[in-house]
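Below is one structure, written out as structure tokens, with a few remarks after it.
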Amino acid sequence: MKVGLIGLGKMGLNLGSNLIDHNHELVVYDINSSAVREMERCGAKGTSSLLELVKSLEQPRIIWIMVPHQVVDSVIFDIAPFLNSGDIVIEAGNSYYKESISRYHKLKKFGVSFLDVGTSGGIEGARNGACYMVGGDPEAWEAVEPLFQDTAVDNGYLYAGRRGSGHFLKMVHNGIEYGMMAAIGEGFELLEKSEFDYDYEEVARVWNNGSVIRSWLMDLTQNAFSKDAKLEDIKGVMHSSGEGKWTIDTALDLQTATPVIALSLLMRYRSLEEDTFTGKVVAALRNEFGGHVVEKIKN
Amino acid sequence: MKVGLIGLGKMGLNLGSNLIDHNHELVVYDINSSAVREMERCGAKGTSSLLELVKSLEQPRIIWIMVPHQVVDSVIFDIAPFLNSGDIVIEAGNSYYKESISRYHKLKKFGVSFLDVGTSGGIEGARNGACYMVGGDPEAWEAVEPLFQDTAVDNGYLYAGRRGSGHFLKMVHNGIEYGMMAAIGEGFELLEKSEFDYDYEEVARVWNNGSVIRSWLMDLTQNAFSKDAKLEDIKGVMHSSGEGKWTIDTALDLQTATPVIALSLLMRYRSLEEDTFTGKVVAALRNEFGGHVVEKIKN
Amino acid sequence: MKVGLIGLGKMGLNLGSNLIDHNHELVVYDINSSAVREMERCGAKGTSSLLELVKSLEQPRIIWIMVPHQVVDSVIFDIAPFLNSGDIVIEAGNSYYKESISRYHKLKKFGVSFLDVGTSGGIEGARNGACYMVGGDPEAWEAVEPLFQDTAVDNGYLYAGRRGSGHFLKMVHNGIEYGMMAAIGEGFELLEKSEFDYDYEEVARVWNNGSVIRSWLMDLTQNAFSKDAKLEDIKGVMHSSGEGKWTIDTALDLQTATPVIALSLLMRYRSLEEDTFTGKVVAALRNEFGGHVVEKIKN
Amino acid sequence: MKVGLIGLGKMGLNLGSNLIDHNHELVVYDINSSAVREMERCGAKGTSSLLELVKSLEQPRIIWIMVPHQVVDSVIFDIAPFLNSGDIVIEAGNSYYKESISRYHKLKKFGVSFLDVGTSGGIEGARNGACYMVGGDPEAWEAVEPLFQDTAVDNGYLYAGRRGSGHFLKMVHNGIEYGMMAAIGEGFELLEKSEFDYDYEEVARVWNNGSVIRSWLMDLTQNAFSKDAKLEDIKGVMHSSGEGKWTIDTALDLQTATPVIALSLLMRYRSLEEDTFTGKVVAALRNEFGGHVVEKIKN
């Protein structure tokens, strides 16, 4: 099939190669022209503007957007005037499902179908077999299913239901991921503080063979320890890119108790701080009522 | 090798068959004589007392204990007087590592080696390939390694270090397992409360193919939903058998912040209650200061 | 001073009486005409529409809104066309500070000043001495300060700064309240589950005299137990009216780790459920890998 | 009454003065002889050994121990041989209730009564009016009640029941205190991170007058901010002295969900670390699957 791919970051480049491997015809655009050049070398047709990309596709067009969620609206705003009824927009980045629902309705007015697609599996998955969760109208889905069939790992895609359901599923997937990663991290922290002297790469290896917690994340844990046995060079600062927060925003909206995922998120925030105001207040209070010594900041 | 296997519950029976498959010679005992009969039919020599079991083995004996952790001390107390220097006791159940260290030292006085072995992989693993984490003296370990090599899945065993390190590792493994399971559960609860209508078996299937959270637990989640699509027949009461509690006991001892594992445990406790006193107090207080209506218990 | 008071619920009625006690002149309105009658009997001038209320006040008008946060926009929408430059609107209910900021800007366009006022102290406080946290323009504040001085407890009001700062402060106050109440509740739950046989009213009494945790909430706890020694008639269902959720929404926006307040909120949500899907999934998984028995729902 | 007071730290010295103010006759001992001198200047009889202290008292003796919980057993071990049937030992420090129960039984064998007393109110309370929670035999309690009546604040003591119930109550009191302090700290952290510019001393002041969260801890918060408006000199390191940990140990033993108190403890542990291994693992994993940049430790 012929696809216009917008966004050639880590995910977009790898997905592009994956699509080309499966004999799809690619027209690509990115604000970074060197990424466009790179895709051209793989056989894609590069373009130098969103307009040129849209014009290079025949109706009904299939446009696959793979950009940071902060930019999606701006991309859609730019291309929407040039789209026609029957065109299909696939948004396969990490967007908040409520925004996807709103985008679905906006494009619907132009007769354009919008599919919200959660993509998992990381960079490697994008290249060699991703995992997709798709929401939107079933007719649009059927029209583009081959793209997902070809670039997903076996059994690795699901048409999940109406608009929003794809990104909702991906959001919850990431929430689970946050919880799993935190659980693994806490486990290794206990090993690190214990009286024993474990070889963490070996621990991850054995846990990944036959144990109840074997998982791709444990596989990656083994990889990480194989490169840096005690992670001595790495700071424990845990950034986050939004999906964990949206999961908890949603949990609050739905009045759902999700303490494990919530704490995995809050501990990420905690890791961004060297010291906390909470800590200062509690330390000051302990001093006030019990005369407990306060640690002073040295200047 | 010739092994005395004590304890023929779900785990012991399957491990026994696994050992026999790999041509080990088994002498077995369990208080439940029908389990002994079952093992005899698989080729084991049954005994009708712990003493008989010990006497049926030649020195240096290898005795593998696979009983609930509450019973381990009683078994050891019963067999210790008949053991000789050089004998090796393998304790492969779920015991608290501090007790394992104490057992190691007690048996050491008799010249008997004690290996604390964490066994993971569930019943299926015990039968077809388990995952082992072993602590104890290296000489003892070397003498029995073939038993583990034969009954573990490939790459599925680790000699982790000195006494206690095996059960400590298994304990932390279970702590991680608690966290992972809670994260998965919370994720599906969000799906259940959402505006969407997901097919959970399909969700688990797609998450298990190519996604970041693919794992054996997700595989089992798919199995569970294949049997009961909405888990309508199952009560959400989450029992626990000790390892999660020990993990948090240990976290407190080591002054380690493990909020995700801790909450996965506390929510299990919460699930044992229909109503809570905390809730009653908070509801009463809201009524006191704000006149908020309290729900009354109907008689 | 002459004040138009809109909203005669539990809080509005008591505040109205408090204002009248301090010789302020009240014009009142509520959709519930019997509440209007009640205020008339206390000396207020009742009106039968928002328009009549506005018209009954001389410019510059002072209008005090005390309605549920869901209704504030509708009230403002209805009165705004009749307000004049120089009028002051006091919104003293529990509103989300972001909405207060937006209301401030909307009214500003008409030259109308908007003060966002957090009111604490419950019903009793509204009647006999409340606690106020006020945000908005300092000139508007100075014009109405006497109203707060008169109806607050000694030292019980604060001009906190620009628009939004009053409701933000009240929101955080309620977040702290959630945490404190949960801590008290959890403490009594531990007493209830202990081997001891405490008299909870006596416990609350002693904790309220000389201890570190003496507080108004502990005072109310004593009251509650004096009425129902074991809270046997009360269900532990903990409803919430929004402020705790906003606190955590805000914590997430500010990337702030507030686990104690977050958990106090999530446990309220948990209390709304008899059973959880999380629990079902975890119970099913335990059964899958370990053959642990699942509790079945009886029909 | 005549009392032997062992332990003249911050609490012991102030309690001693309080007892003397109320015309009790004091014999005192501390390993720190200058503390003994200080008490002598207040009218106590100093001694230079535990034996001398015991010998200075007539039977039936009343001995009040006010030492760190780690030292209690050693003190009791030293004095027990010299005690007689009918003597009463008051242990008013912060001990784990299980140890108090064991001490009760040990002393019982000698005919000596043991009262476990939780003391709250901090240093100031010890001096001017403390809060006491007392467990032990009722006869022993009645014999010494005047000491508590005299040195407690009005209504500030409770005979809670049998052995252990006093220290259990104090332990839970401290658990609640941990939760309350954390809630207050988190609230101020939200203020600190907000867009507003609050005067924290003023905030604590207004919250302490008429609000739902008015409390002694809020009073102390105001004090703390009055000395250091932004707590700029204080590190947010939150030490703990055992009672919070015991509360959670107990919650786990009783299978009680106490997430708020648990998290207040775990965040104290977190505050002891500059960086965490959990964080390193999570950061490494994010890099593994998503290519997310890891912050490196600079050397």
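To keep things simple, chains are lettered A, B, C and D as they appear, and every chain counts its residues starting from 1.
Everything that follows uses one rule, which is that a contact is a pair of C-beta atoms (placed from the backbone, for glycine too) under 8 Å apart; a residue touches a chain by one contact, two chains touch by 3 or more.
Note that the coordinates shown come from a computational prediction; the quantities given were computed from them, not determined experimentally.
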Label of the chain whose CA centroid is most distant from the centroid of chain B: C
Shared interface numbering between chain C and chain B [over half = same, under half = different]: same
Rounded Å distance, chain B centre to chain C centre (Cα mean): 47
Where chain C and chain D are represented by their mean Cα positions, the distance between them in whole Å: 34
Where chain D touches two or more other chains, by residue: 121-122, 182, 184, 186, 189, 193, 212, 216-217, 251, 255-259, 263, 266-267, 270, 276, 278, 289
Chain A partner contacts - residues on chain B that touch it in the complex: 120-122, 125, 129-133, 135, 152-158, 160-162, 164-165, 168-169, 172-180, 182-184, 186-187, 189-191, 193-198, 202-203, 205-218, 247, 250-251, 254-261, 263-264, 266-267
Sites on chain D touched by chain B in the complex: 212, 245, 248-249, 251-252, 255-259, 262-263, 265-267, 269-270, 272-273, 276, 278, 289
Sites on chain C touched by chain B in the complex: 10, 121-124, 181-182, 184-186, 188-189, 192-193, 216-217, 220-221, 223-224, 228, 231-239, 241, 259, 263, 267-268, 270-271, 274-292, 294-297
